[in-house]
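Some structures to go through are shown next.
Below, chain A partners chain B and then partners chain C, in two separate complexes.
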Partner chain A sequence: MTFGLRGVTVQQGGTTLLHDIDLELSPGTLTAVIGGDGAGKTTLLRSLVGLVAPTSGQVHSTPPGCLGYAGAASGVYRDLTVEENLRFAAAAYRLPRDLIGQRIAELLEVTALAASRARRAAHLSGGMRQKLAFACATMHHPELLVLDEPTTGVDPNSRAELWRLVARTLADGTTAVFSSTYVDEAARADHVLVLDRGRTLTAGPPETIRGGVPGQVVRLDGVTSEAPSWRRGRIRHAWIAPGARRPAGAAPIEPDLEDAVIVAALAASATRHREEAP
Partner chain B sequence: MWAMVVKEFRQMRRDHRALALMIALPLLMLVVFGYAASFDVTQVPTRVVGPAAEQAARQLPGILEVVEVRAEQDADEARDALRAGEVPVAVVAGASQVRVLVDGSQLFTARAVAAGLASAAPTVDVEVLFNESLDTAAVMIPGIVGLILVFIGTVITSLGMVRERAAGTLEQLAVLPLRSRDVLVGKIAPYFLVAAVDLTVVVVVGVVLFEVPFNGSPWLLALGSALFLLVTLGVGLLVSSVSESSGQAIQLALMTLLPQVMLSGLIFPLEAMPVAIRSIAYVLPLTYFVEISRAVMVRGADLAAIAEPLLLLLVLGIVVFGAALARTRRDLVPARPRKDPTARQQAGPVTA
Partner chain C sequence: MRLLEARELVVRFGSVRAVNGVSLAVMPGEIVGLLGANGSGKTSTIRATLGLARPSAGHVRLFGAAPSAGSRRRLGYVPQTLGLWPDLTVSENLAFIAAAYRTPPPRLPDDLEPVADHIVGRLPLGSRRRVAFEAALAHAPGLLLLDEPTSGVGPLERTALWDRIHVAREQGAGVLVTTHHPSEAEHCDRIIAMVDGRVAMSGTMSALLDGKETVVVTTEHWPEAFTRLTTAFPAVALTGRAVRVPAASMAQVRAALDGTDAHLTVAPATFDEVFATIGRRR
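So, the complex of A and B:
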């Protein structure tokens, strides 16, 4: 079974938040929706879980009982303990009474929250709270798991743990989709959708996006160039558009996903400028 | 400092509800409460009974406004009419003696009648029923029970949905397999129980400590309280579902609380209010609860006597709860597509 969006447009208050978006979530795969602030990531995920009705287009989702969702605000009750939050989720998803204790113990163990089971969610770190939200969302072994910016504000160790949990859930056959502003996180996905101002900038498996970069990406290494460039650590990368001359001394490199996304944004911007020019 | 002043003004200008509360509401309250704030009862609906009723009705002082003359009725039937809340005063006109029966549960009315008769007809025998010593506590405490229920039901409950929205848990509830009514009933049930416990404690303390009479059936008071709580909890949920922050919810809840305190007959007698102001009182749930609690506790009224306010509370409950349910459903189930009628959202997986 495939979930996803077909030609979805969302307009609110005269603003188009999503414009004709297609996204197919293949069974058992992980999809990343990435983009900057205001790109439309949250609106897309909210459309998918039924919190936002599209102005046009179709949403193929799952009934609430088969859906797991953790919103950007984590959505756990801060004045309840870890275990109380899990018990509420178990009851809301109507888990059989005799299975609740076992499932909660299992989730506490895999999320390493067992020692904090009696702590209130308000007193957890950001990473622990996200893990709790993840545990609540996967309580019922959902068919579709939707995570809105699960790693924002989370330290690197907790991020790694969260991705381990996601991988485990995928292995159980769940289809998952997450949003992020961090391009490096998208590299672990089977499919990536890059949004820019509500439109699809580029989409596909990470290797396809990397391989589809028009022109060349070069490493400048102190070379001055008029080509659009960006900093990667201590060095600069630049995009040499198709037909443009590569500066002398600039070495071509194999673009990674982050380079490919930046090039896609630059190419889209160049197209827009050409179209808007008199 | 100037920067702070400018910033505050800008924020104030954008918070329309708070601005209305600061400017329009005080004016409205002044006008409404100015007319309502009166203890002076000038005319009291009166039934005249007994063999000499016709003659007595023509000779009564101005404060007693004769609304019925029932020569066939006797003193016991007049007492029953007062217990049922049909009229606050009955004049029993016998062949040789005239006696005035006054409902003591309507404190200011009873005092006005007693004072009016003392000066106009000092020889007439006045008998105050149900609250013989015209004790203020006996009349106020049954009403205060209602006020406490309004506080818990409306003010505390109003924070419920707002808290969910602020914490981001409302959208979580929306994707859980819960029906809107599950969420609504689940939200109010704990408050309902706490309010029921509070009600019991307040009534027991009132009876034991303040010697408030409890002449009627506790079950009738429980029934009235349950219906009244449903309305107040519904108002709380409605306020909660239309508010964007806790501050707004409290403001709105207080806006529903104040008129009830001032106009329900709890403090100022309804008989002393102009008709236009009194008509506002009749859409306020506390008006009916005050009527029910005083009737049951002080007068010992039966079910038939309080059937009308019970029914009106039920109607108010249905209206308010229906509105709260509709609003909550809007929060928990996304709106249908509006701009493109051909668009649709499909629930359930499809095979590609």
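So, the complex of A and C:
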């Protein structure tokens, strides 16, 4: 079945954390929720796992027993050892007693944490802790796996391992959703939702978002321009909105996902300014 | 002049060589990215070059002399925890930090002016990071040390933070950035990647990525292809429904697929693919 959110708004203490969010998680796919601090990523994932009740709209999720969730920075108990964390997860998900040992051994092997089974989670590196959180969240072969910022503070090597673990669960038919502040990570996903201040900035498969940039993206190469621009290393890219004139000498380029998301943010900010203007 | 330099640096903790023969330098006007897993020796290297850890062997220089409290005063440092007082306002933080460096407090950029009297701890992370940058740059440091400087912020805020770093660079500062992410590494003139206390790879991003290729496998039977390929190659990844196999040849991939019907192409390797491969422990 398809999981997701329809028209979900979350308000808390007079603040709108999410505003009218639609998100469809097709079975067996990977979805990325991208945005900065305060964009609403955690609120969205928490509403999907039932930890936040929407003020309006509908949430379609699994029963708690078919759901795996690793919260941002707190997916594991730091005072417990690796193995104790796994045993705790097995008990919490009510795994049949005779299957627990085998499942834990399996997870220790795929996450390469077997040698660290007796170490306290507090003493693991960021990458190892995220793999442990992943192992706990997938203990019971969930139908829906929800990972809040799984790669924050994780080096490229551990990050690659983590993505391989996610890919393995997708190959087994699990539906997964993760959040990140980094746009490049969204390229791994089948579907991307970019949030800004609780609202949808843009959404769709990565290639649709890239292909759907309104107007043009150009390389400035030292050309001065009034057009909104941003830095990509030593060069600047600029957005020429539909109907605006392209500055002479600025070459149009094929925007990547990062460019496309920045253009969406610029367009939203221009709209906000127009609405706020007297 | 080299702003910061280490030659054949060794840092030992007991019998462990945390840093094992590292040489690096940061010149004025350049951004150098330092990459490495936890425990690769990044932090010990930085601490030794600043004179905060004693090298067991090798040679370190900060602004051309042995590191000292005086030379460290010419540094601007933004730690991951930002180093701000969360219960003071933006102006109070800047005044306090500028006073510690005996310089006048910096003028706030126009867009931060409206939050000058706000308590720092209540600002969004993007604004807190901007304030930390202004605080670190107030005394016009010759060398900036930034620890994952744009972690946790959105794409547009990230480009604004990098704009500020590039302005300092254009004014002649050298910048040493520790980072894990391609969207930060693309701003670096040079990358130094550390593994197990040594420099495993260094050069410009384009040189490090140049010629590195990945075989891209597209097939309806992707779960089967993924399973077969992960058994044969350690660094396989899934991007959408495509299975990517870095550092392998078409023929090797074809053989490992063992008859699974698939379409194979070759694409340039990504940052993650190149750096995950070198970071792999023996």
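In this text, the second predicted complex is superposed on the first by the 278 of 278 C-alpha atoms of A that agree within 3 Å, B and C clash if a C-alpha of one lies under 4 Å from a C-alpha of the other, contacts with A are read in each partner's own complex, and residues count from 1 in each chain.
Here is the rule we go by: a contact is a pair of C-beta atoms (placed from the backbone, for glycine too) under 8 Å apart; a residue touches a chain by one contact, two chains touch by 3 or more.
Since we're looking at a predicted model, the values are computed, not measured.
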{"item": "Partner chain(s) touched by A:Q11 [first = chain B, second = chain C, both, neither]", "value": "first"}
{"item": "Touching partner for A:A265 - first (chain B), second (chain C), both, neither", "value": "second"}
{"item": "Touching partner for A:L147 - first (chain B), second (chain C), both, neither", "value": "neither"}
{"item": "Chain B versus chain C as contact partner of A:L95, first or second or both or neither", "value": "neither"}
{"item": "Touching partner for A:R78 - first (chain B), second (chain C), both, neither", "value": "first"}
{"item": "Chain B versus chain C as contact partner of A:I209, first or second or both or neither", "value": "neither"}
{"item": "Chain A - residues contacting chain C, complex", "value": "30, 34-39, 125-127, 152-160, 163-164, 166-168, 170-173, 181-184, 187-190, 196, 205-206, 230-233, 258, 261-262, 265-266, 269"}
{"item": "Touching residues (chain side chain A, partner chain B) in the complex", "value": "1-3, 9, 11, 24, 46, 49-67, 69, 71-78, 89, 92-94, 143-144"}
{"item": "Complex contacts: residues of chain C adjacent to chain A", "value": "35-40, 124-126, 148, 151-159, 162-163, 166, 180-183, 186-187, 205, 222-223, 226-227, 230, 235-241, 270-273, 275-276, 279-281"}
{"item": "Contact footprint of chain A on chain B as seen in their complex", "value": "167-169, 171-172, 174-178, 333-340, 342-352"}
